[in-house]
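Next come two complexes, and both contain subunit A; in the first it sits with subunit B, in the second with subunit C.
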Partner chain A sequence: MRDSIYLAWRYLRHHRTKTLLLVLSLSVFLGLPLIMRAMSHATQQSLLSRAEATPLLLGKKGSSLDLVVETLYFQLKGAEPITKADVDALQATGLALGIPIRTGLMARGFPLVGTSLDYFPFRKLRMTEGRGLAMMGECILGAEAAEALGLGPGDALLTSPSTLFDLAGVYPLKLHVVGVLEPSYGPDDAAVFVDLRTAWVAEGMGHGHQDLSSAGPDVVLKRKEGTVTANAKLVQYNEITESNVDSFHFHGDPSSYPVTAAIVVPHDEKSGVLLRGRFVDAETRQLVRPAQVVDSLNKQIFRFERVLRIVVWTVGLATAVMFVLVMVLSWRLRAEELRTMKRLGCSRWKAAQIMGSEIALMVGASVLLAGVFGIVMAQYGETWLQTLILRGS
Partner chain B sequence: MRMARPAPARAATIVMMAAFVATVVGCSKKPDPNPAADPMQPAQTSIYAVNYPLSYFAERIAPADVRVVFPVPREIDPAFWKPSADAVREYQAASLILLNGAGYARWTSYATLPQAQIVVTADGCRDTYLRTERSVRHQHGPEGTHAHSDLAFTTWLDLRLAVCQASHIRDALIERMPTAKDSVSAGFETLARDLLDLDERLRNLGQALGNQPLLASHPVYQYFADAYGISIQSLHLEPDRELSDDDWKEVDAMLERERANWMLWEAPPLAATEARLRERGVTTVVVDPAGQSPSEGDFLSVMRANVARLECATGVKPCR
Partner chain C sequence: MGYIRQPVISLRDVRFEYPHGGFSLSVAELVVPSGTRAAAIGPSGSGKTTLLNLISGIERPGLGEVSTAGMRVDRLSPAARRSFRITTIGFVFQEFLLLEYLDVLDNILYPYRLHPELRLDASVRSRARQLASDLGLAELLARRPSELSQGERQRVAIARALVTAPSLILADEPTGNLDPATKQQALDLLFEQCEARSTTLLMVTHDHGLLDQFAQIVDVEALGPAEA
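Right, the complex of A and B next:
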């Protein structure tokens, strides 16, 4: 038997192009369903585990999927915001902890997430470098964002302008990186976290400027009855530092400022039920269970997977037919070779063993290749597929 | 004839190793963060306050095993303190953070603090906060005029308001430590009694003063004046600094408008200042707002001394 395997191996090595093509075709045929299944399972689990770890979400009435995707995975979907007052009111019920989430801006390609300190222990995020947020103007980077940008504590990061050609719009805010989070293998890795008020400043709802009470005539248009009117020369700060942080302020009532959604963490099961009851008939707000929303998304993915499976099996069948055809043609072409083997004293059984070994080696190599590829994709393709699905939904 | 078989053996070994490595990589479990070791979780029950009165109230109300911390250095006015990031991190780790409200301690508006731990003690104690007399309003851009930090914030000088603030501390403590409800309630009751006794004396003082105006060296007595019906006109003078000619002109102008016999100071003024005020028929009275911890005594003893000095100076009660 060993001799047969050796001869089969030498033959396959000699015809390496043909062998390689056949092995690759077979690998694709065998691997595709495996890869698809593994990745789909991993993605569904990953999506579901984050959703299940988020008890409830409070947001504006509308698409619950957009709300969940934007708040949990930081993919900008244009979910209508609620206000900070909604989060405060929720907190005031004493039934749950409300963690505000403000998305909408980017910082060098990574989503800028404005939130409160409660977010970090809630998601079990820990620092690997530096410290947590302490002052307005500071940011914490997710592990992936820090690595991609090559930034760490002590560095600075500019927010991306929301409208590139709007000269009168909001200018980028320079953020001070104070910490980097440990990898969490989720959307938090690719996010830039700031205090909620820093997010509002970055959006242009708050600002800091030089002290007008002591400003010179080149800046002041008029002073009248305790009111100072400044002209366009007034220096507005694009960076929050220890020396100018005092001058930053918000016009209007910050409780009316936008919050994309609030993660709602009920104190106990009863509180959760009571809260859900309060929002059943709410006209402009919704309290959704992310696990339910993601579950329905997973069902859609599963339906799509079934269609794909039919396509894959069709392609697989064609590949198998092609493989058989190639082998039959190959044996016909090798008729002279088989005759020579017979003249040398090789039995028909031995010849069949050699041919069988060739097929077994090729199928074996294809199975291995497909298996390795499937495992690697399940491990590393998860985030890629997750992003692909969420961006496309 | 013996056949050499190194090639298939080598190939098989490589394939096996690749499969083993892939299996190990594929099956390795993702690291699971340990929530128990989270540095952002408070290690023990502690209360951090932004000013001394709140710290004092908390000490009087909270059970003995609760750590009450007021970390502002004694030489700094807590209203204008700018904490370091490390100091803010200390506040973040507290079980309860006591803010005054009314825009007091501006640093709390730009520091990142956990909302769930914050109690704004003066919120809900009044319909509206009082405004300072001098606040520069300004305008830039299309938003209209606005002013920064123009709320008066020495709320605790209205002692009923102080009791209300203390009641919010009591409620927050009971919510967090329901088993200590009795001791917390008892602590609050005795504190409230002490404060309301003084409040009663101040109300009598206000009635005795009637419409007689008082001057104040600094605009910190808004709630005091409002609560006890006392007319107080404020200047911007520092007790440890000699008054300039402009300052004296301002004092004289004020005295011409309001014939005041007494002037309230946050701390004893310089002897020269006191003498020149006496020449103008004005008696200085120290009414320490006690925003910072005193070098001697505590909040209650400082307030008692304030009231006694006022009663003595105005003749409402004999001097001791």
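Right, the complex of A and C next:
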């Protein structure tokens, strides 16, 4: 047997391009259905577990899927916002805790999430470095974001401008990193968390500038009945520090400011039922159960996966046929070699053993490759597929 | 005092026909004594290769006795004939029939990879290297057949035939693809090695200019009535 394997190995090594192509084709044939199944199962579980950990979501009436995806996974942008007043009103019912979520901006490629301090214990997020949010202008990084950006407490990062070519638009806000979260192996790992008011400042709804009461005439254009009009020389702050934090303010009523959604944590089951009842006929708001929404998404994925599985098996079958064809043609081309073996005294069994060893080595290598691919996909595929599904949904 | 050498090849009253007809070979009697250098001649289609196939047990006669190296090969089962062939007979072919995916050393050792009765150990490897050295291949052991000249390839084929220390070498026009200078060189090496090992050689050839170098000439046409 050792000799058969040796001859098979030498043959395959000599025809390495053909062998490599066949091994790759076979590994796709063997690995893809298994990997797809495992990954989609893991992704469905992962999506569902986060949704199940979120009792209710309050948001603007519209696509419940968009609302869930944007608020739970920070992936989509564009869900119609509710207002801070809606969250306050919810709190005022005394039936639930409302945790506001404001998404939409990015900071160096990672989603900026404005929320309240309640978010961290609710998601069971613990700090691995630094401390929690204490004042405006501070941020906490998810583990993956911190690693990718190479930042930690004491560092700073800028928010990404939402309107790059609008000079009169909102300028990036410099955020001070005060803490890094422990990995939670979910969307929180790739997020930058700030206080809700900081998120509004980053969006340009609040701002800070030099004190106008002491500003000179080169800055002030006009003073009239407590209203001061300044020109462009007025120094606007692009970071919030202890010395300038008091100058930051919001024009208008902050309770009318936007919140993407609010995570609603009912105090008990009865409170949850009561709350859901109140929103059954609401015209502009909806209270959704994320688990239900994700479950229906999973059903869609499953349906899609079934179609994909048929496609994969068809491709697999074609690959298998091609493999057999290549092997048969290869043996035909090697008829002279087989004749020589026979003339020298080699048995048919031995010849079959050599050919079988070639197949076994290729199948073995393919299984190995599919296994390695599977391990890599198990490591990174879930996040990748989750992102793909959520971004594509 | 003289002694009688045992025949290595002995055919008596042999009649062979291919299953689908069209060709038959008859041999009334053929004896090739041990250690003899014999040439088989005859026009194309006279049955030279068939004769070699009968002697080596690749084909089995319908009638008659075929005895090779003291073994009645016509009585052996197909598996026993294969086993007998690879352990007792060395083959040299006109087309060399070397394997491109093996280097020279592995090509020489090829028979050892094909049969469990032949054990490939350190002594065999050492013998193969010595044989390669004797045939002027010592520096070429790591090369592939495509990297060799025609003459070098035939020397590898000769080494492969000799490596199992067979008692009989059957060579089917081994110089047919070689130029005259290389041809004589290859023959000299083959004769030299067979002589050194007292190995019997039966060589098919069309080249009548070579016949004076053989102790026995077997005219296949004269062995018996061949019918087309």
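Keep in mind that, in the parts below, the second predicted complex is superposed on the first by the 378 of 393 C-alpha atoms of A that agree within 3 Å, B and C clash if a C-alpha of one lies under 4 Å from a C-alpha of the other, contacts with A are read in each partner's own complex, and residues count from 1 in each chain.
Quick note on the criterion: contacts are C-beta pairs under 8 Å (C-beta built on N, C-alpha and C of every residue); 3 or more make two chains touch, one makes a residue touch a chain.
These figures come from a predicted structure and were not determined experimentally.
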item: Partner chain in contact with A:197 - subunit B first, subunit C second, else both or neither; value: first
item: Touched partner set for A:16, first subunit B, second subunit C, both or neither; value: neither
item: Touching partner for A:118 - first (subunit B), second (subunit C), both, neither; value: first
item: Partner chain(s) touched by A:336 [first = subunit B, second = subunit C, both, neither]; value: second
item: Contacts of A:270 with subunit B and subunit C, given as first, second, both or neither; value: neither
item: Comparison of subunit B and subunit C by subunit A residues contacted; value: B
item: Partner chain(s) touched by A:3 [first = subunit B, second = subunit C, both, neither]; value: both
item: Partner chain(s) touched by A:91 [first = subunit B, second = subunit C, both, neither]; value: first
item: Subunit A residues contacted in one complex by subunit B, in the other by subunit C; value: 3, 6, 10, 13
item: Complex contacts: residues of subunit A adjacent to subunit B; value: 2-3, 5-6, 9-10, 13, 91, 94, 97, 116-118, 120-121, 124-127, 131-136, 138, 178, 182-185, 195, 197, 209, 212-213, 226-231, 234, 240, 242, 245-249, 251, 365, 368, 371-372, 375-376, 378-379
item: Footprint of subunit A on subunit C - complex, ascending; value: 56, 58, 79, 82-87, 89, 91, 93, 97, 99-102, 106, 110-115, 120
item: Complex contacts: residues of subunit A adjacent to subunit C; value: 3-4, 6-7, 10-11, 13-15, 336-337, 340-347, 350
item: Touch list for subunit B against partner subunit A, complex; value: 3, 5, 7-8, 11, 15, 18-19, 22-23, 25-27, 30-31, 33, 35, 37-41, 82, 85, 88-89, 92, 106, 109-116, 134-140, 143, 145-146, 148, 175
